[in-house]
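The structure follows.
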Amino acid sequence: MALSLKNSINIKKKNRIIDKITRGGLLIPTILSASFVILIVFFVSMRGVSPFLNSQYGELSVDFIRFISGTTWYISPNIYGIFYIIINTLYVVILAALLAVPVSIFTALFIAKMTPRLISGFFKTVVELLAAVPSIVFGVFGLGVITGIVKNIAELFGTQTAGGISTLSTVIVLAIMIIPTITLLAVTAINAVEKDLEENSLALGATKMQTLFKVTLVKSKSGIFAGIILGIGRALGEATAVSMVAGNSGTGPNFNIFNTTRTLTSTMLLGLKETTGLDYDIRFSVGIVLIVLIILTNLILNFAKKKIGRFS
Amino acid sequence: MKKNNRFIRDRIYQILISLVSLIGLVILIAVFGYVIKNGSHLLSWDLLTGDYYSEVYDAYYDGNPVTGSEFVAPSNLDNETYFSTRWGIALKDDLDVEGHHYILVVYVDINSPLASLPDKNEEGNYVSVTSGQELGKIIFIDEGYNIMNPTDGAENAIQMFDENSDIYNIILTTSGKGIRGSLITTVYLIVMTLIIALPIGVLTAIYLHEFASKTNKIVGILRRMIEMLTGVPSIIYGLLGAAVFIPFVSSISNADGGSLISGALTLAVIILPVIISSTEETLKTIPDEYRQASLALGATKSQTTFKVILKSAIPGILSAILLSIGRIIGESAALIYAIGTAIKDEIIITERSTSLAVHIWSVMSGETPNFELASAISIIILVVVLLMNLTVKLAVKRISR
Amino acid sequence: MENINTNTKNVFKIKNLNLSYGSKSALQNISMDIPKNQITALIGPSGCGKSTLLRTLNRMNDLIDNCKIKGDIRYEDNDIFEKDYDVIGLRTNVGMVFQKPNPFPMSIFDNIAYGPRCQGIKNKKTLQEIVEKSLKNAALYDEVKDRLRDSAKELSGGQQQRLCIARAIAMEPDVILMDEPTSALDPIATAKIEDLILELKEKYTIVIVTHNMQQAARISDNTAFLLMGDLIEYDKTDIIFSQPSKEKTEEYITGRFG
């Protein structure tokens, strides 16, 4: 008896040690997973800062002030400018959001509130599938179909486009790509509105649409706005499809929707030939600007979200 | 009157909303319709298994002059295919993926003298004319030199074959634009990425959900850092691959620049948050009684976790794998940086090659975009990605039931 | 039994009402009249159908997919189940206060002005007057007059419920339906609401569902006792609570089941 008790204490001790080892062992992959964010920031920054440092490129180092304020992408041999690219990126993304948000909210209302379950399930699946379509496929579709439509629209207005490659095409492609993101989050937000609240509105003699617009949407605006923030983040970082229809204009900013444009991501992706040297490293600098822009936009929009969600 | 107005406005809104909701469906149908219309005629076994680069052979005939007409045309040739009874070859006019006319070899009899011709450029090497090849210029010898140009068309070519008994020179092009290399690359990338990311992701999820204290500040920070990965755009991951993984792989292997390994490492980071969150979600659904029952039987926490909990988490891990495969197949921007855009036929994991998605990028970003090939590959990508997503959706529905 | 006040006008006349959700019957053969400017209480154990009956009066059950209704309800002598009946109009005349105080995610002012605005009233001064009057009638004005632009969520539970009553009053209805309006409130807030209900009786017809028999006894003029979807007894409140004619009623009000 005494022996077995002692044994069992020993086993318990051993077990505790085993558990400690397991816990320690599991901490390694966890820290590794978490470390990638730091790796990204650190190494991309290192590489992206190098074009501005004399030590790396000597005479050919890039002037940071001209870089951040420039309105021409490249003047040989070492002058780069991305101010206009930042402006164009924001312009394109804002237009895309303006296009996508009403469509997304309407679609979400339709899915969540206006159809029997079978039809709403079908439409939700459609949106989910749209969300799963890869960027490159939207790029092919954009270049093959949307640029053609835009070209025709431009001709209606009596303007010429570079074969439809333009700000408008970029905006449409981006809008298509963020509609599923915003819609799916909006559906979740709208479904979370208590039925009680809507019944209260109906009992006051409001029509169904008045209830949806004045109560349901108002109540869910915080959640919908979260979807919009996510969508805008996606749009800012979207690269492949955008690069295929943007046209990479050399100077700017350009606000004419039928002219070509240039986004930070299209700058990074297009004209990639060498994998060393200044022209390659400067793309890392553009990458840093993109990261900063995304973080800033997120902060501002989240601040706005707090203001908007005041009453709910 | 007023009441009527309200009802009319209500109806208008209802109709407007219903119409707008159709936009998503219209886009999905348009995307599918476009790629199917442009790409489906290219989809074939040859596309999937063929080389991307075509090879040109320069050969001649060194046997006795061919005089007889003993070859018989196979019965399955159609009206537009012409057959030479003297040389045992069937030809047909065709269009390539870029819309150029060319003469296609449809059939060569196994006993045909064309089945084995000496290579003009490499002595001792033999070239065989086989179906699927493109016929170039031929110089026949009979009572003098007779030249057949590929622009003459299949009918004229067959006529010349039947009239001439010897070949001084024949140029053959093997058909290119196949995607075998990119297909293999994609499979390699999926396997390598999952091998790297799956253990890290699953173990991280287990730590976060089963072992980590819920209130620990450092755990909270680790969790936030992992969550931040989901918001990083894929092109930034590409920069990570270029700045970290390419030099890393180059230093431990004979890779020079981008390689499948650096690509797989980059993709692994991209799918890590998917695997972690999907695994953790399933861990959350496992009732605590399971854990307590196992612990009550005297199992250690480690045994409980790896023998009981992990087994129950398998559905979640499987759905994470499916979603990850979808993500890997669709990924382009990150791979353009982390590997490169050079299409290859021979796949070596320490060298560059393209996944299907980057293959599309490569054929689209040239001077003349190849919409047809891009659409054909898009069909493959879409079918796989959508199947993965639908499977996960159905599986989740079934499990939650 | 169905008509207990021969000398007053009846707002609602319910005849042979049957209601079912899918195959599950919720109300069977209910017939009763609801007299004007009185408080009628519906009592009974949970699931007896009292809330369902209440929600039938302003056709809120329309919102439930598989709800089937047979029978006849007349509001001001019009059949409310008639095909072209103006449901929205019915709901503006028959206000409703729900169990859980549920203000809209907007300011106190906008909450009250919501109904009138939906009717198309845009004039600021008119709205201002409506809001003020409704809040005064709901005995809430003095407590909130300085913060009409604040979020309604910041009010206490009792205040929120009075806000919901004010919101219903703002429509100037004839009838107010109340679905256990005090069940989520503490005794002090409950007492305030009860006082308010007694005051409102002057102007409105009130039908109240309550779980609390003392409450029914305190404030109502008539009481209907329902059990498993049947109307067991319907009479003057003092009669129901002093000498009920049915054994079941007596068992329930003396607390032997429920």
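Each chain carries a letter (A, B and C) given by its place in the written order, and its residues are counted from 1.
Rule of thumb we're sticking to: a residue touches a chain if its C-beta (ideal position, glycine included) is under 8 Å from a C-beta of that chain, and two chains touch if they have at least 3 such contacts.
Because the structure is a prediction, the values reported are computed rather than measured.
Sorting all chain pairs by how many C-beta pairs they have in contact places A-B at the top. Using CA-based centroids throughout, the chain positioned farthest away from chain C is B. The chain closest to the protein's centre is A, with centres computed as averages of CA atoms.
Centre-to-centre separation of chain A and chain B, using mean CA positions: 25 Å.
Separating the CA-averaged centres of chain A and chain C is a span of 49 Å. One simple way to say how far apart two chains are is to compare their mean CA positions; for chain B and chain C this gives 65 Å. In chain A, the positions touching at least two other chains are 207, 210. Each of the following residues of chain C touches two or more other chains: 88-89, 119.
Each of the following residues of chain B touches two or more other chains: 6. If you check the complex, the residues on chain A that touch chain B are 15, 18-19, 21-23, 26-27, 29-40, 43-44, 46-47, 102-103, 106-107, 109-111, 114, 123, 125-130, 132-141, 143-145, 176, 179-180, 183, 207-210, 213, 233-234, 236-240, 244, 265, 268-270, 272, 275, 283-284, 287, 290-291, 294, 298.
Considering their complex, residues 58, 60, 63, 88-89, 91-92, 95-96, 98, 100, 102, 104-107, 114-115, 118-119, 151-153, 164, 167-168, 171 of chain C touch chain A.
Taken together, the chain B residues at the contact with chain A in this complex read 6-7, 9-10, 13-14, 16-18, 20-21, 23-25, 27-28, 30-31, 34-35, 38, 199-201, 203-204, 206-208, 211-212, 221-223, 225-226, 228-229, 231-237, 239-240, 242-244, 257-258, 269, 272, 276, 300-302, 305, 326, 329-333, 336-337, 340-341, 357-358, 360-361, 364-365, 369, 371, 374-375, 378, 381-382, 385-386, 388-390, 393. Across the complex, chain A meets chain C through its residues 194, 196-197, 199-207, 210, 214-215, 218-219, 310-312.
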